[in-house]
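Note that the chains are named A, B, C and D in the order they appear, and that numbering of residues resets to 1 at the start of each chain.
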Amino acid sequence: MAEEISRERADYLAEAFCSEFVDFCRIRPGTIRRGYLESSLEVGPIHLQQDGVVHAGVISTMADHSAGYATFTVIPEDFQLLTVEYKINFFRPVRGEMLLCRSRVVKEGMRILVAESEVYERMEGEEAFAAKATVTLTAVYKEKMPESLRSAAE
Amino acid sequence: MAEEISRERADYLAEAFCSEFVDFCRIRPGTIRRGYLESSLEVGPIHLQQDGVVHAGVISTMADHSAGYATFTVIPEDFQLLTVEYKINFFRPVRGEMLLCRSRVVKEGMRILVAESEVYERMEGEEAFAAKATVTLTAVYKEKMPESLRSAAE
Amino acid sequence: MAEEISRERADYLAEAFCSEFVDFCRIRPGTIRRGYLESSLEVGPIHLQQDGVVHAGVISTMADHSAGYATFTVIPEDFQLLTVEYKINFFRPVRGEMLLCRSRVVKEGMRILVAESEVYERMEGEEAFAAKATVTLTAVYKEKMPESLRSAAE
Amino acid sequence: MAEEISRERADYLAEAFCSEFVDFCRIRPGTIRRGYLESSLEVGPIHLQQDGVVHAGVISTMADHSAGYATFTVIPEDFQLLTVEYKINFFRPVRGEMLLCRSRVVKEGMRILVAESEVYERMEGEEAFAAKATVTLTAVYKEKMPESLRSAAE
């Protein structure tokens, strides 16, 4: 129904995706199309907690960030997004070599948008469902950002 | 009603708190007592997203991790914790110099425990309420960890 | 800091509180002041599920509705509220004679407001903490309601 | 992979579904199979709030209850379920004639199970996505119910 995003927009979003903290966490964008985004992460020692399992904070960052960028594909280019809240369920301790995240917009709008992220771990060629998040966002006109951020959030 | 945790237990938890990913995020433990834990984080460039605001993943990691360690203070020493799920609301874009997190256990038990984290940003001596999380955990007997993790999570 | 609500506004909200479904659930408003509202419910057979425990839907309706009316006290009178989402944790099966709910606004604003509800059961004079909810709302200008509801929610 | 539930079990669950409060809310079970349950509700005056919209508590009760009964189909018959927590997003004010709920188990286990419910409103033959919930449950051995309820929840 809605048209696909342009190649330029997809490239712009893929680049903007890799901000400081996300780069630091080594989360990489993959397939991106209107209302959908995939990302991946190669698990390394920095992602672990004391018991050798991937820290929930890594999985959460991936789920939240990917949901946000999936949502960027359905709003006008002169709008910015703010995460209002999210909820994430963890299904298993993650010890795999790779994490994959698939994010989909489930509710479009301007005031309130909702996306879901499913995180899978890949180990020895098998995928296992590791976590699922529901993310609520709000879109803010970019020119108004400093002020709007304030009025939106205060 | 319940007695305070031992100095040894508090020291052990403060050390275990700083695992790989948490150390990488520069989150530090502070006051720790039965059912309560504070943590702090000095904001640096690695914590930011593309617009200069602290990434929600940093705030989430702090809220989740601190809630988990507050909860460690109310379970027997031979049990481990797993985060079942959490939900976090963000109240404002965070640009402050410092983040402070205060976590409290609100529901004790063994099968299901619940803790809350309040995250504040400090800027020029003022504190502002930035985020609030509710975290659900389950306690698993440590000896049974590999198997219990499996049965708990599969 | 913010002034108290007028007696007229409090009376109006207490009356509006008792809409069809809420009346049907027998949830009654109590103390109401700026950013805060209490409600109560006398448990009867209609509130139970098959095992004699109060249905989670009753507790949720009370928590959500009371949070909404607590939030009405901090917005202009010509605005309407919509619940964006909520999350609720249940701490114990409820068999008490009475439910009490205390709701507080934790984040003011117009675009996004957040309130929390704590539900207690009272049995033989004792109160026990039964459930806690976090509710996210958005305020919409009443004149624009039909249209705004649409643009807010579609 | 897992076998279908027996006709007797399906009939038993469909009957148990209609407990006091659910019957009062006029929520009816529909298709039921392993890991999946549908329910429906004909909207009447008792379901409304002051502005003529279906109360969020009705939608929540339907989403939570249906998720619980979808989950009953994947646990042994001598176990009982407790809702640990749930989160629900509302996508639009509901004014339709009929509500439909489709619930699916997304994570099996005994200690922690997770199900999702999607609620649709039907109006003039069209369906619109109205709400989505994620529900976390725990299974308790029935014989131990009074005690287990206590240990699970206190």
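In this text, a residue touches a chain if its C-beta (ideal position, glycine included) is under 8 Å from a C-beta of that chain, and two chains touch if they have at least 3 such contacts.
Quantities reported herein were computed from a predicted structural model and do not represent experimental measurements.
For chain pairs A-B and A-C, the one joined by more C-beta pairs in contact is A-B.
Averaging C-alpha coordinates per chain and comparing to chain C, the farthest chain turns out to be A. Averaged Cα coordinates give chain B a centre that lies 29 Å from the centre of chain C. Centre-to-centre separation between chain A and chain B, using Cα means, comes to 22 Å. Measuring from the averaged C-alpha position of chain A to that of chain C gives a distance of 32 Å. Residues of chain D found to touch two or more other chains are 84-85, 87, 89, 91, 136, 153-154. Residues 84-85, 87, 108-112, 136, 138, 151-154 of chain B touch chain D in their complex. Chain A meets chain B in the complex at residues 16, 19-22, 24-25, 45-51, 55-58, 60-62, 64-65, 80, 82-93, 145, 149, 153-154. Listing the residues of chain B that touch chain C in their complex gives 87, 89, 91, 106-107, 114, 129, 132, 134, 136.
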